[in-house]
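Each of the next two complexes has chain A plus one more chain, namely chain B in the first and chain C in the second.
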Partner chain A sequence: MNSRTTRTITAAFSVAALAGALAGCGAKAGESADAAESCVETDGDTVKIGFLNSLSGTMAISETTVFKSLSMAAEEINADGGVLGKQLEIVSEDGQSEPTVFAEKATKLIDQDCVAAVFGGWTSSSRKAMLPVFEGKDALLFYPVQYEGLEASENIFYTGATTNQQIIPALDYLKDEKGIESIFLVGSDYVFPRTANAIIQAYAEEHGIEVLGEEYQPLGSTSFGTVVDKVKAAGADAVFNTLNGDSNVAFFKEYKGKGLTAESMPVVSVSIAEEEVPGVGVDNLVGQYTAWNYYQTLETPVNEEFVAAFKEANGAKAVTSDPMEAAYTSLHLWKGMVEKADSFDVDDVVAAADGVTFEAPEGTVTVNGENHHIAKTALIGQIREDGLIETVWSSDGPIEPDPFLEGYAWWEGE
Partner chain B sequence: MSRRTTLLTALGWLALAAALLGLAPALLSDFRLGLLAKYCCYAIAAVGIGLAWGRGGMLVLGQGLYFGLGGYAMAMHLKLTDAGPGQVPDFMVLYAGGEMPVWWEPFRSPVVTLLAILLLPVLVATVLGAAIFKRRVKGAYFAILSQALTAAFAILLIGQVKTTGGFNGLNNFQSFFGYSLYDPVNKRMLYFLAAGVLLASVALMAQLHRSRFGELLVATRDAEERVRFLGHDPANVKLVAYVLAAVLASVGGALFVPVVGIISPEDVGVGASIALVAGVALGGRASLFGPALGALLVGYAETSLSESFPGSWSYFQGGLFVVVVLLLPGGLAQALSALASVRHRVGGPPGGRRRRERPASDRTRPGPTTPQEVTA
Partner chain C sequence: MEVFVSQVFTGLSAGAVLLLIAVGLTLTFGQMGVINMAHGEFLMAGAYTAYVVNLVVGDAGLGLLVALPVGFLVGGLLGVVLEASVIRWMYHRPLDTLLVTYGVGLVLQQVARDVFGAPAKDVPSPSWLSGSVPVLGYDFPMARLFLLLLSVACLLAVLALLRRTALGRQVRATVENRDLAETVGISTRRTDRITFFLGSGLAGIAGVALTLLGSTGPTIGASYIVEAFLVVVVGGIGQLKGTVIAAFSIGVLQAFLEYATSGSIAKVVVFLAIVVFLQVRPQGIFAVRTRSLA
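Coming up: the complex of A and B.
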């Protein structure tokens, strides 16, 4: 065969491929394509649900605990007779700490495994990556982590706090209880801290609090000498910390090293829970504040049972924290919605969602059918010498979720 | 080159075409076909790496840079068409107060976008390549430099939340040049497009390998000084191969965006770049089909391993690479040709002698690119 023949064949095939591609065109943009029929199997004794957590990569350390508490919730539900009499069958996938993988695995869980709902995601980027998948396929995602708000998808239930259930109560606490007049903002450079700080800036302006500085470091950065020098020089009454991951270790070491303490200049953190305290070092954190909706130390019968069950499953040293509690709660809330709807169908479940409640370890939570968030009680905690966090302030009962901050006149929104 | 080799090459290409265009669409579900389309995008970039590294001896550890240029150019165009004329993409409304930087504006035009996908990598690779090769930077230094560039690119993307979506990247695309991306039929169309481009790029490589330039590139890899003494400038030869590899990576990245539906810094960073090179090493970097098949195989292995063992799949993948580097430094292509030569020696026709006319590159030889560099 000579080269001309080869070339002719190549050309012929390329043309054929292109022709095949074009001949097979479907709906144009704007036309509605046939929505894929749901393939969820509900005739048998079991129903499939998907857990999508990062079991490898940088987020594995946090998301593995979410996976464990989801598994625990599923076991409890199965032991208790399942959902609508069907045992839950778990399909677990690894999100690999990469948004692209989250999108791919979500597609797989919906299309290949035909799960009735998916539970998981942690970073905002993983949620943003999955959102179009769930909307495009009209499937359900339960997202268990506090986040930056400004989102309300029909196909996602947000069981972590939105900003008016975590950040704004923390600011109220600093203003009313601590009487601060100035604040310094430190955060990792990505969407959550940027959005959180925009909200804090607006709040501060409204309430006459002076923002003395706003510093960002790339995710994973561990050089905080300059930042802490700036914080110290500014001499604010408090620091609001939206750093994530390893950066907290470097920040708090430097903070303590430069002679700053919880008494002289308290730090409120929104990404440090019981799970992260040993990593950052209890010595560096004692006396500092956190803002969440759940702590292991909560003295309610439900929580004591939850903590005991988790320790039994994962060892006496295991601690419980807010995101894993929210994940545990999310599975029970889905059960509540399905049973209220008496159906596993996504539209039925969404329609039934409003007002579904659950006696969660954090207290009673209620689903808001309008924005798909849940009403939660805000808790300000102080880190103890044993690494656990003690509640020092709590909101008057559960706060209704307001992801777009429509009830706050000082927030102009987008 | 012997007629026999040419015939084998043509048959191999036809087999690949039959598998990708005929067999796969007939057998696979829409979801699996979508994944295969993604592997094809990686494979297009891998074909370029095969040229630069396998034939040219330049260990390009940073192809994510070019993959990202093409990918982000395409993603920007898709975001802008979704937003509509005069509007800004949704994430800018959220994070940047609705302000769009001027350099986004040209990507509204599909023509400019397609040109950018082809010409941006040419521009960047020419400037970088000229500076690097004229200074005779090679070996590990070149590899480190290329990787540092891609790391810098990813960090730059992460830092610019308001213009690039930062960590989140760009996603939530509704349409691709007027076709709805929610329609499974259009997803199949995208698969055929990716597979067609992959086949075309392999065919291009087949022509290049047998061309005068291909011979010169291999000569440069094996004895750069001799090529210089013969009156050629090795820098120019390497530059052409490097630029071609960059363009292929960019095209792969551009197709990746509508196929997968998202591009983020994770897809263009150091990890992604190394994964591309790993596929090429697995398949056999100097062979014609090796890089593409290796990339397809690594993509498939990653998916199926992570689905079967969500908690521990990365160990299997690591183990696979260790085995290949230790036992098969020439990749799977080496294993196949070893099998073929055994058959020849046992009962083969005298044609076996002619096989030695193959260019040096088809043999695995210790040279400027030792297998150890793969793990570097």
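Coming up: the complex of A and C.
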């Protein structure tokens, strides 16, 4: 055996030994974290919270803005004296648009950084990946995006709309105000559009609306030639659009290219907000409808302040949108819960959650302690020439969240 | 009949998009055996070029016409830089080039995200390309018609270059037998570099053209690259006529399947059909008759 081989073998063994030792450490650290109730440090002048958003990858488009509004909320709270007299210290992690990374980083934020609560997530798959982590470690997640409902975890607060605060009001609007008798469904092929369309099908059957087609394209697909051909051939009174991300651009360009307009066949979208409009192209969208719970154009004093502050922090061209507003609101709601509980402890915060309210830019929102969603007002908007969205219809005050649609007899589950 | 016509046109225009991307890929993949995963990012660079040119020029129509040659140059120069800095060190190591160019692609995506921001940009379409023209009772969107013509024009230009010019003869000689080409005095290094410039430049043109159909974002190229490679492999590596047939057949097949079923199913069936086809004809529709001894 020559000396070089010996050295290589020795080196290999040392690496293996070192790896073993490190793995041992990891296991020990993990055990102690599980054994301890929680490692959240609340004795000092600061308390740590975690922001978990995709700052890279395909979802960065949307989630970066959520991160910005969360940061703004934290700065405001800190300038205002913090939470229970403690300044917020932000630990930010990049979810990289990968559900597994979200789960991994959530574990890191809870076990290593010992944050009191985590704010973030966007796609339903990222939320579903994080859910077991937060439940297993009894930690708190605030999730700021409208989603498909049918979920209510003890450890998650949902500050975006559930289906009865967005999709069902949009259908009510189409039925009562627009008088539609038929509809065409177009969506990306994943959990949110599939569930949303199952609900729309049930609604349509109950209310005598004919569904003339239901089309899906893979997430991120940009070929909509055939889909738009089918939509045009079917000639429905309206289109319900649950496409996500870049697919919207290709869809609306094709839609306009084939001579369809907001007048001839209006499209209601549930994933296009102010932030996405310039990317799709205002020309392709003018006059089309959206369903959300917040628009930048809302004329309330709280919102005007919010918009002005956001523009000051991010430039005059920055726009505000529903998910950003829901994220901003989520941090303030957590503050309200902690102060009501007079404790950062997860169980105390959850126990105090019911009835916590906040004067949000979208209006007054109230936490429902039972299902962890919040009461929100549904707003149907129409896209204007300047790319902003104007409210054309709103529900009578905030709608109580009903994630499992228990109050709707026509819904019998999936 | 109406459905038939509409799906033939939809399929042809989808095929034209694939062709536009695949022509450049056929050149680089075919001649140099380099699997360039960053081809999609050259396309992205072309799309952002269209965005920037549009901002500078301020007129959508003129912007598009200026952006086409500028996009060609931007894509081509990126290609030359990549070839000179990375790829030339790893000819004959196709797997390494695949990994390295994939990495380069990721870097370029992040650069785009840092420079232009994460949200997708919209490049306004010229007014003469909005709307549609009726063809056989079908409303053919002008933008797609333009794309079809552009793609055929690029193809003809490349064909003319390969068949009629000295450079083209050198390229073909290098493809068929690199060693013999060198012995008759052709600088294969120079030929490689020029081919890479042309192939990458075509990706830049494709990027400019794609702004008419979709959004301009950092991942625009990544979403087309796999399908473009499939077209090249099905067509037969290094074979332009094979690429043409493959691009249009895949486009039309996909369009009809999609009409009959759904987008996701159509994709699966097309992929399956390609797998089966390659089992029967691993060399693709046309095979290169190389005269090399290796």
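Operating definition for what follows: the second predicted complex is superposed on the first by the 377 of 414 C-alpha atoms of A that agree within 3 Å, B and C clash if a C-alpha of one lies under 4 Å from a C-alpha of the other, contacts with A are read in each partner's own complex, and residues count from 1 in each chain.
What we mean here is this: a residue touches a chain if its C-beta (ideal position, glycine included) is under 8 Å from a C-beta of that chain, and two chains touch if they have at least 3 such contacts.
The model shown is predicted, which means the values in this text are computed figures rather than measured ones.
Student: With both complexes overlaid on chain A, does A:136 touch chain B (first), chain C (second), both or neither?
Tutor: So A:136 only meets chain B here.
Student: Based on the superposed arrangement, let me know which partner A:111 touches: chain B (first), chain C (second), both, or neither?
Tutor: first
Student: Touch test for A:218: chain B only (first), chain C only (second), both, or neither?
Tutor: Both partners, chain B and chain C.
Student: May I ask you to decide whether A:92 touches chain B, chain C, both, or neither, giving the answer as first, second, both or neither?
Tutor: Only chain B; A:92 stays clear of chain C.
Student: Name the contact category of A:56: first (chain B only), second (chain C only), both, or neither.
Tutor: both
Student: Can you tell me whether chain B or chain C touches more residues on chain A?
Tutor: Comparing touch counts on chain A for chain B and chain C gives B.
Student: Does the superposition put A:246 against chain B (first), chain C (second), both, or neither?
Tutor: Touch status of A:246: second partner only.
Student: Is A:227 in contact with chain B, with chain C, with both, or with neither (first, second, both, neither)?
Tutor: The second partner, chain C, only.
Student: Based on the A-chain superposition described above, do chain B and chain C contact any of the same residues on chain A, and if so which?
Tutor: Touching chain B and chain C on chain A: residues 56, 189, 218.
Student: Which residues of chain A touch chain B once you look at their complex with the stated criterion?
Tutor: 1-3, 5-7, 9-10, 13-14, 16-18, 20-22, 24-31, 33-34, 36, 55-56, 92-94, 96-100, 103-104, 107-108, 111-112, 123-125, 128-129, 131-133, 136, 150, 189-191, 194-195, 218-219, 414
Student: Give the list of chain A residues in touch with chain C in this complex.
Tutor: It comes out as residues 56, 58, 60-61, 64, 189, 215-218, 220-223, 225-227, 229-230, 233, 246, 249-250, 253-254, 256-259, 275-276, 278-283.
Student: Using the touch rule from the top, collect the residues of chain C that touch chain A in their complex.
Tutor: Residue positions touching the partner: 2-3, 6-7, 10-11, 13-14, 110, 113, 118-122, 124-125, 130-132, 139, 141-144, 212-215, 217, 219-220, 223, 254-255, 258-259, 262-264, 267.
Student: In their complex, what parts of chain B are in touch with chain A?
Tutor: Residues 3, 6-7, 9-10, 13-14, 17, 21, 29-32, 34-35, 38, 93-95, 97-98, 155, 158-159, 161, 166-169, 171-175, 178-180, 182-186, 188-190, 192-193, 195-196, 199-200, 203, 206-207, 210, 260-264, 266-267, 306-307, 310-311, 313-314.
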